[in-house]
Amino acid sequence: MSLYEIRDMAIQIDGKRLVEGVNISVEAGKCTAIIGASGSGKSLSCLTPFGLTPGEALGSIKLDGIELIGADAHQMHKARSRLTGFVFQQPLTALTPHLTIGAQLQEAAAQAGPSRLSRHELVQKLERVGLSRADERLDQFPHRLSGGERQRVMIAAAIAHRPKLLIADEPTSALDASLRGEIMALLDELRAEQGLAMLLVSHDLASVEGHSDDLIVMDQGRVVESGSTADIIANPQEDYTKRLMAATPRLTEPAPDLPAVGNMLMETEAVTVIFPRPGWRRGKIEAVVDASLTLSEGEAVAIVGGSGSGKSTLGRAIAGIGPLTSGTINWQGEVLPERRARSLAMRRLIQPVFQDPVASLDPQWRVSDIVAEPLKNLRPDLLRADRDGMVEKALDDVGLGAEYLERVPTSLSGGQAQRVAIARAIIAGPQLLVLDEATSALDPLVGSSILQLLAQLQRANGLTIIFITHDIASARRLCHRIVVLDEGRIVEMGDMAAVIEHPNADTTKRLIAAS
Amino acid sequence: MSGQKPHPSPSGEGPGVGQSKTVSHSPTPTPPLKGRGYSKHWPLWVVLVLIALALVLPALLPWTYDQIDWDAVRAPAFSGSHIFGTDEIGRDRLARLAAGTRVTLMVAIAAALVSLVVGIAWGATAGWVGGKVDEAMMRFVDALYALPFMFIVILLMVIFGRSILLVFVGIGLVEWLTMARVVRGQVMALKERPFILAAEAAGTPPLTIILKHVLPNIAGVALAYLMLTVPQVVMVESFLSFLGLGVQEPLTSLGILVKEGADDMDMTPLGLLLPGGLLVLLLVCLTIEGERLRDIYS
Amino acid sequence: MTAIPTLLAIILASFFLMRLAPGGPFDGERPLPPETQAALQTAYGLDKPLWEQAWLYVSRLVQGDFGPSLVYRDFTVSELVAQGLPISLTLGGLAITLALLIGISAGLFAAVRAGKAADKTIMMLATVATALPTFVTGPALALLLGLWLGLLPVSGRGEGWSWLIMPVVALALPVSGAIAKLTRAGLATVLKQDHIRTARARGLSETKILFKHGLRPALVPVASYLGPAAAGLLTGAVVVETVFGLPGLGRYFVQGALNRDYPLVLGVVTLYAALIILFNLFADLIYGWLDPRMREG
């Protein structure tokens, strides 16, 4: 019998069934992964048996021989605290801000029994999860640690009482891309070392591959497919799984056929962006330093880096919606001035698309007004009727019908909103699109359809694209070349295939490992 | 007074370090105010009925608020044409209540509007310009927050005489601080929203961005805080009048009526309980309604 | 660090405000002969240029000398203040303590019973309490407990401590309502946060989660309200001292303002400002304890 066995579980909140017919089993020393889009019920299925959601679980849930459904308070408490450890998604907020690392670790360890751990033992626990200067950390408050360090503390606390089952709910999704590989490796290592059973939840198929033995694919509160991870990935049976596989970009998939590249379009020379530190204190933050890159007509270039690498700042400086401290941006040999000094004709050339599709659209405006906004300013020569026609055409180009004209942003799904944002970006006929993590906030299926749309526009309109992302695999589907940024500096640049094959910079290697 | 942001400590912290002490309200789209049922909005209806009564009653009553009925000094309730009786010099209580409510609410609304205008202008400028300008402007607001401002207002009243204009300018100038903070927080958050950047890329001029994108998105919150400012101002005005520093006789206000009632309470308790109760009822209703609006918009 | 300049700014602002006004301390019912006026002006240094007077005032203040009272001519401002301050401090101190006690416990109780009838009742009462101005509750309490029931003295300081009850309750009520609401809202926010789920996953009891992990961050809004609350209490004290006939600072302030007793008014404003600034510094310390993220700038 498995250590953790869920049979025919249903979950309801306020009488509404959100999850039905779920079977999960996890063996000691093995990892079972659940993947699904947001709203698929994957987190609910993992946390509800332990009373960590407002939901109520029905069916049968056995942990180490104890039936959790209808268990009395004592058994439930034992199951929750002694047998199980939890790692959550948000390392920034999952630790109590006013208690020291040591106190929280001690509290976690106390689940095993009332005896207090010595300081030395606590230090060992932190060292085991790869934290340096562990002794010093014990007396620090969580906010002094970086995101990756906090997630290590979370893991140390989750296993401090030697549980048998570890539940990891999107343990790496909120982390910087370059850290994800390390954290997953640590979890694998601990699982093997302590014979832990692990239940791993993720929205991303690629991130569980190679870490899990069994895989469960969920969609809309139901299990679509389950079985061994290798089998499912090699030979998916269900339509949804197949689509999900196709939608998940991978470095191993065949290289895409990209459109031909023309003459030099744009060139940046030693672009530097420096922000003053907030507050009265002196000092500056060098967000981007000496970034020089070139872009040809019809070319797509990926700017890749972790969070805080300056990739968005560089993109905004190029698009003329962010500051530029020094350096020049040449457009077909002509210097583009900074931000507000750009003429309307110059603004028309470059348009941005952002990460959060809902925040990209003014909630007070209708779709037709949103899409028409660039035309009103950048093409004042147009008549109203022409403008209306162009708005419909632009919506049609992004796959939305005329019925969307009167909609308001709050009534749109993420994918629809991103399509509207793209329609707004292309309506005034720009030559360059700056896409800032334009697919990162979307579910895999939606994200990949947006990627497809972009590839289509790239070909049809001869668009040049700057694709800012942390995810090399999805950049590879669209881009000819890659520029890797770390701490504001370009650390590597070159042909996409060549860089993936032979990465030189450490940052590039880490980002490739995480994809 | 609730929902204020913590004061920055002397070392201070600028924008962008939102994690720590700037509990900024995230701007939310303004939801439509429909289908919420009339019964849930009883406080609003109470206020509206009171306003209507304050406006209509003086025309209907046989007595004006400053008219003295020499035959009925300290008349009890329901004596003759005096429904609530008369005060210690024979003036009709109901007429005085209506007149007092009218003055109090007029001052409150005018002063709340002053605070709205000053608060939005100050907060929006600080939030939009950002950087050192924002830092300096908000430091100023923080400093004023810490002041015994009421005392300065009292000084103003004493010194420049008790004109009704000065009453509400003075109060409005005190009460704009919260509005400025709230608006600034909203504008700061909005400024970073991609749709503002997209508008900039679309060539929309800055003034148009402020008018068409920023202001409509803070209107709901500003309205909610305007509603919450009204009871604050009622409180301040009544306080000043109670001390004899607010509006001047023969004009009356709820604060003056409470004061008169308190001075004469051993003889006619009704003189204290009526205006006091009315004042509390107004304050409670306005506060409930304002807080509900605030919870919807922020 | 900003405390001293702020205080100085307040003193100077009040100083010039008072002097810019028409009228003076010696305009009694019947005008004094011009020679007497002039002599008095010279005696109190009122004939010197304004800036010099301001400078003199501030430099004396630094040495703890508030100057003479112009209206209570037998007393110095320091003597009046020494008499009034203890009463005002007792009132204010007791009121804030009471308000914190009532407010935090009521807010806690309501948060634990979130959504239930007890929660709704407490929150409604808190809203009503915040809308209770001291100048209404003060006289109303005096009427009910003093005049009608005869339980407590209506005015002045009688025997023992009973004279404090009504003024303190009248002062504390609105503040306790506000604190209850802030505590309840703070807890509602904090209890939804991720670190509470972490604590729950560790199998801690709900009580322990509430007090060890939830309460401290939830009280941050309460701490930020302390500054405005202190200012509110001091203004409220003016009313309460007037209503209950207590010779505290507030009474002197109103009397002084009405009679143009410059040194007295300035003295009281200075003290009030210093108290409020002190209280804000104290609130900053509390922040740091409640949330260590605020200890660093």
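Here the chain labels run A, B and C in written order, and each chain numbers its own residues starting at 1.
Just so it is clear, a contact is a pair of C-beta atoms (placed from the backbone, for glycine too) under 8 Å apart; a residue touches a chain by one contact, two chains touch by 3 or more.
This is a predicted model, so every value here is computed, not measured.
When the C-beta contacts at B-C and at A-C are tallied, the pair with the greater total is B-C. Each chain gets a centre from the mean of its Cα atoms; the one farthest from the centre of chain A is C. Closest chain to the protein centre (all Cα atoms averaged), using per-chain Cα means: B.
Chain centres here are Cα averages; for chain A and chain B they lie 45 Å apart.
In whole angstrom, the spacing between the mean C-alpha positions of chain B and chain C is 21. Averaging C-alpha coordinates per chain places the centre of chain A 50 Å away from that of chain C. Along chain C, residues 291, 293, 297 each make contact with two or more other chains. Touching two or more other chains at once are residues 12-13, 19-20 of chain B. Residue positions 143, 279 of chain A each touch two or more of the other chains.
Chain contact summary for the complex, chain C toward chain A: residues 193-195, 197-204, 212-213, 216-217, 290-293, 297. Across the complex, chain C is touched by residues 1-7, 9-13, 19-21, 23, 139, 143, 145-152, 154-156, 158-160, 231, 235, 238-239, 242-243, 255, 258-259, 261-262, 265-266, 269, 272-273, 276, 279-280, 283-284, 286-288, 291 of chain B.
By the touch rule above, chain C contacts chain B in their complex via residues 1-2, 6, 9-10, 13-14, 17-18, 20-21, 127-128, 130-133, 135-136, 138-140, 142-143, 147, 178, 181-182, 185, 220-221, 223-225, 227-228, 231-232, 234-235, 238-239, 242-243, 253-254, 257-258, 260, 265, 268-269, 272-273, 276-277, 280, 283-284, 287-288, 291, 293-294, 296-297.
Within the complex, the chain A residues that touch chain C are 50-52, 77, 80-82, 84, 86, 88, 90, 93-99, 107-108, 111, 141, 143, 154, 157, 279, 281. Touching chain A in their complex are the following residues of chain B: 12-17, 19-20, 29-30, 131-132, 135, 193-195, 197-205, 213, 216-217.
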